[in-house]
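Here the structure is laid out as structure tokens; the discussion comes afterwards.
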């Protein structure tokens, strides 16, 4: 029978915006229509069933054999139990409830648990350890910001509704019209976002640190001895600092342009220091453009349960933390780990080749709704329900606001939720160990 | 020609990244965006194949005219396994590999193919010794 | 002099937390048997030293203790942690956090070492014939307590952020360094005989960095002060001439960069700013 | 499971029991008249038996606490706990991870803790963390002193609507009481400013802090909430702020029937003097006011000479602290509601200011005569970690302990305080009041803080004999005993023995299921659903926290509001 209903206030499980005003029409346990979503969110809902895995599988001497849930769980638990330094990677595209079981599992098997944070805004968190951060929830930007700077990020491609929900194209209590705000983009190319900005400052690749340092010098009233810095005339920095000091409420949104180019955490160190120092003149905040819809949730859960936000080494029975030593890419590149559990992520695609190659040479257990490069090389694959569509769960927006994802439809027959799969593996490890 | 490779998100790549083995994803992630002037200097027409080489590896990609230019000397490749055949796993102690700003050489790749994901993995991971 | 020889019995596949390998620890254990039962962590499993090393007592003698590690020790971490006296010699590569929080004694490595060499070091001496990783003599995450004494000499090259949050002591790098040498430095001296990939002295508050090779661009937050013919470092006098920069002014810093004049001709335009 | 605690010296001030040798019978998690012969016997001979500790103010969970955890890996590095068969691993010192927080409170004999500063928009985060804080019962106080809706309703005189809104918010956030931090000042800070006192106007809202405090005090009464408004006054941490604190207490005096205002971490708001060099203790003036007025209770906010982390909803104060100390600084404003700031700090004995602050906290506790009006806190971790409570008890119980610490601190500060002359030494009964009975009474938690029949069987037993020990002389023995309880009983189960966790249970989360008359409830619901997305970037349906999100929800019904 043709049962159809429209679910309002749905939280989108794609990017760090976590837009919570989507309206999804469900018919016969299928996604029929989705409204208010951007192109990325719409694709996630409309193509939720593409490339699905529906049966667990195990690899034995080169062949991939479908198997039962119980056997796949038993095999996964055995691999993790035997490993001396397993890496538990991913976590940014699943719920906080699953992340919590992940931490417990990492502690039980004596492994390292790291999220895709370390290949996204990990360097930003490392910089916060040294400098701190003057930040805010996104609503404050909407209500008050009259100067919005997007530095090294391209929201039109990565966070399409960011500007209309939270910044220059939104309406706030004290900023009713677009004209009351100025938008500046700083990037190495004239991105789509730069094209709709009031001003675009093009800097040379790998020179963000110099540009930010130039701004900090201007803020202190110091002369710049070079003619141009980062490919930008020095006079430009003086003009920009005047605008930053002259605004009532300024914000810098920054992205992977700072964290992935040369300097990495120190680029963010300079940006955080600039915004901190600006607070002696006016109100200024800085917000990282977090990529996945629950990468922030992974940081929050790991931090309150272990004390550290990512790259947590639990192999010696207590939390240890040193990104660069205990982070996923380094562990893979140095061939430190002898087994890996990958949850809702595709490191074989997203790690540089050397790290991906090493990772593919050890037993991998992959929990994912879809076929990916990682599932294609994994030893054990267990299909999971899509969080935010087929499974509920808590997530944290890029600014730390916690929201609930809802279950809209049932997963395919025989496909379990991440929480159920991880719980089963954890219990199986304990059974193997002789129970606690 | 010497260029700087920058990887990043694109709408096309974002829309298809959940269907990794689809043609749409291969088109989205195995295409690099080149500045129009660089394309003409290279003598490459959009849709033709180019070969990119860095200190860490090389890969064939479809070339497209960047819609987000000017960025002379910069080639943009969406995140994914094709881009990561080039990037450096060195994290300089921060956990973050170098995914933006790597020096590379770009040249016309007349004959050899742009591999699909299956073939790319087979090539990249071939010496996958099973420990 | 008692000296103990450790030879890995196998190629380690997972990291070994080996902070038990330190002269103080072995001296306290006195008898070889007890040394053999010291515990290290092989990944997530505790293991006795004897289970993963051949442990041999070369000489039996008085107070001072020497530990020799022969073979590939690159997976060993935290060797010599917090040691106060005695010596460690590694014939081969050593791993991460070698000589962490060291207070005295000597570590010599004939090979390369990993990152965080001599992190939080307070005294003693480390000498590495090959290359070192990032964060030589740095603080731990979130702390401002970098190296505060002692000496680190790396004949080869080093990675990024050499001397990060360094407070005192001496680091000498024979080869090149990556970026951000001396970042957030508070005191002490770094001498780089090779070249740097830029951004030296970022956010430094005090201390000195001497670079004999090329530095690429100097950060805009440094201003040139003078040209000096010699840089006095401890007893020896390193011949220049050097451009001497003061900074990091963005952090109200009062550190000094000594940059070889002859190897950095593109910096000549700074001379016009010298009063 | 039945339990009989025999031969202990019971101190239960709420029931007038002071060091009497009594047996305590426990069945079904409650204290009962007597138990059957099959009850498990717990021999508490020569030991001090008290109700489980109740901490009225401790920042243990939520977005601000987690910001501090992420800011300070170096604080965790030195202090960690390995996993055991029963307990999860974790880290400590000033910002412990959640599991370690629960275990360390239980080891000290504490069984109920309040998280006092929750941004309503992020209350779900606080409950996520409280769910992962084992053993202890808990509750959280949502922040309302800079809330846009509250300021608008109060400015327009819509007291009824304001009460209806607060009632909805307590249910939405699963909160327990009305928390006010630097009323109006944090809203001004969202433009980079602050308010200078009770009567300066909040920019763009045309209301003064005085009107906010009075309005919320009236609403607190209308909703019949068990705890008074929990207030962090304006000008915290500013020399001369003791006057603002007195005016804040005074401004609700006419509204009083019973305790109507609680001034929290009062040490930080009892400063005399014009600047840091002329800083003096204002404890005498504050204590005189509290002694003369019965509508006020306070908690100490005692500082400990250690390295710790300051964190508060008072964004502007933390920025001042950053400017003074140069230490790293986190600020996180929350749209339309409140803010947060975090700055590491080291309280040094040699520092004139820190030594004066140390004296102020103790003077407050020693000069306020009625122990039911003052409670022991360090505003964890602002003044110091909660694990230092036994040290504060030793200072309260022993003049010699105070003198020993004073001898090693800044002497100029020591001379300028009257602490030297205060002879008063707390008894065990008074300690039980300021750490259990008094706090439970102030919170209105009827089943807590006492050992009468019907109370929750939360009991702490310490290996000291109150009859024989002289706390004034043997304060070290008292401190040692209070650090690691001989037994901690939670809901009738032995959870700690000799400072070791023996069993891990899930504590309750108390919240107020507040109700207003039907018509008002519908009116506020209609108004909010219309305008919610103009105030917030999230929808009303995603703001509301369902009871199922609490691991062990324990709602408290206070009846329909008197509107």
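Residue numbering begins at 1 within each chain, and the chains themselves are lettered A, B, C and D in the order written.
Operating definition for what follows: a contact is a pair of C-beta atoms (placed from the backbone, for glycine too) under 8 Å apart; a residue touches a chain by one contact, two chains touch by 3 or more.
The shown structure was predicted, so the numbers you read here are calculated from the model rather than taken from an experiment.
Trainee: C-D or A-D: which has the larger count of contacting C-beta pairs?
Mentor: If we tally the contacting C-beta pairs, A-D comes out ahead.
Trainee: In terms of CA centroid distance, which chain is the most far removed from subunit D?
Mentor: Most remote chain from subunit D, centroid-wise, comes out as B.
Trainee: Can you tell me which chain is nearest the middle of the complex, judged by mean CA position?
Mentor: Given all protein C-alpha atoms shown, the central chain works out to be A.
Trainee: Report the inter-chain centroid distance for subunit C and subunit D in whole angstrom, where each centroid is the mean of the CA atoms.
Mentor: Chain centroid spacing, subunit C to subunit D, equals 46 Å.
Trainee: Between subunit A and subunit D, what distance separates the C-alpha centroids? Give it in angstrom.
Mentor: Taking the average C-alpha coordinate of subunit A and of subunit D, the gap between them is 35 Å.
Trainee: In whole angstrom, what separates the CA-based centres of subunit A and subunit B?
Mentor: Going by mean C-alpha positions, subunit A sits 22 Å from subunit B.
Trainee: Which whole number of Å gives the spacing of the CA centres of subunit A and subunit C?
Mentor: 34
Trainee: Among the residues of subunit D, pick out those that touch two or more other chains and give their numbers.
Mentor: 71-74
Trainee: Please list all residues of subunit C that touch 2 or more other chains.
Mentor: Residues 115-116, 134-135, 140-142, 161, 179 of subunit C each touch two or more of the other chains.
Trainee: So which bits of subunit B are touching at least two other chains?
Mentor: Within subunit B, the residues that touch at least two other chains are 92-93.
Trainee: What pattern do the touching chains form: line, ring, star, complete or other?
Mentor: Here the contact pattern is something else, fitting no line, ring, star or complete shape.
Trainee: Across the complex, what residues on subunit A touch subunit C?
Mentor: Answer in residue numbers: 83-85, 109-111, 126, 129-130, 209-210, 213-214, 216-217, 220, 222, 224-226, 229, 234, 262-263, 266, 269-270, 273, 315-316, 321-325, 335-338.
Trainee: Which bits of subunit C are touching subunit B when the two form their complex?
Mentor: By the definition above, subunit C touches subunit B via 115-116, 133-135, 159-161, 178-179.
Trainee: Spell out the part of subunit D that touches subunit C in their complex, as residue ranges.
Mentor: My answer: residues 71-75, 77.
Trainee: Where on subunit A is subunit D touching in the complex?
Mentor: Those residues of subunit A that touch subunit D are 8-9, 11, 20-21, 96, 100, 104, 107, 125, 128-140, 142-144, 165-166, 173-174, 248-249, 276, 279-280, 282-283, 285, 299-301, 303-309, 314, 316-319, 321, 394, 396, 400-404, 436.
Trainee: Which of the residues in subunit C end up touching subunit D in this complex?
Mentor: Residue list for subunit C touching subunit D: 139-143.
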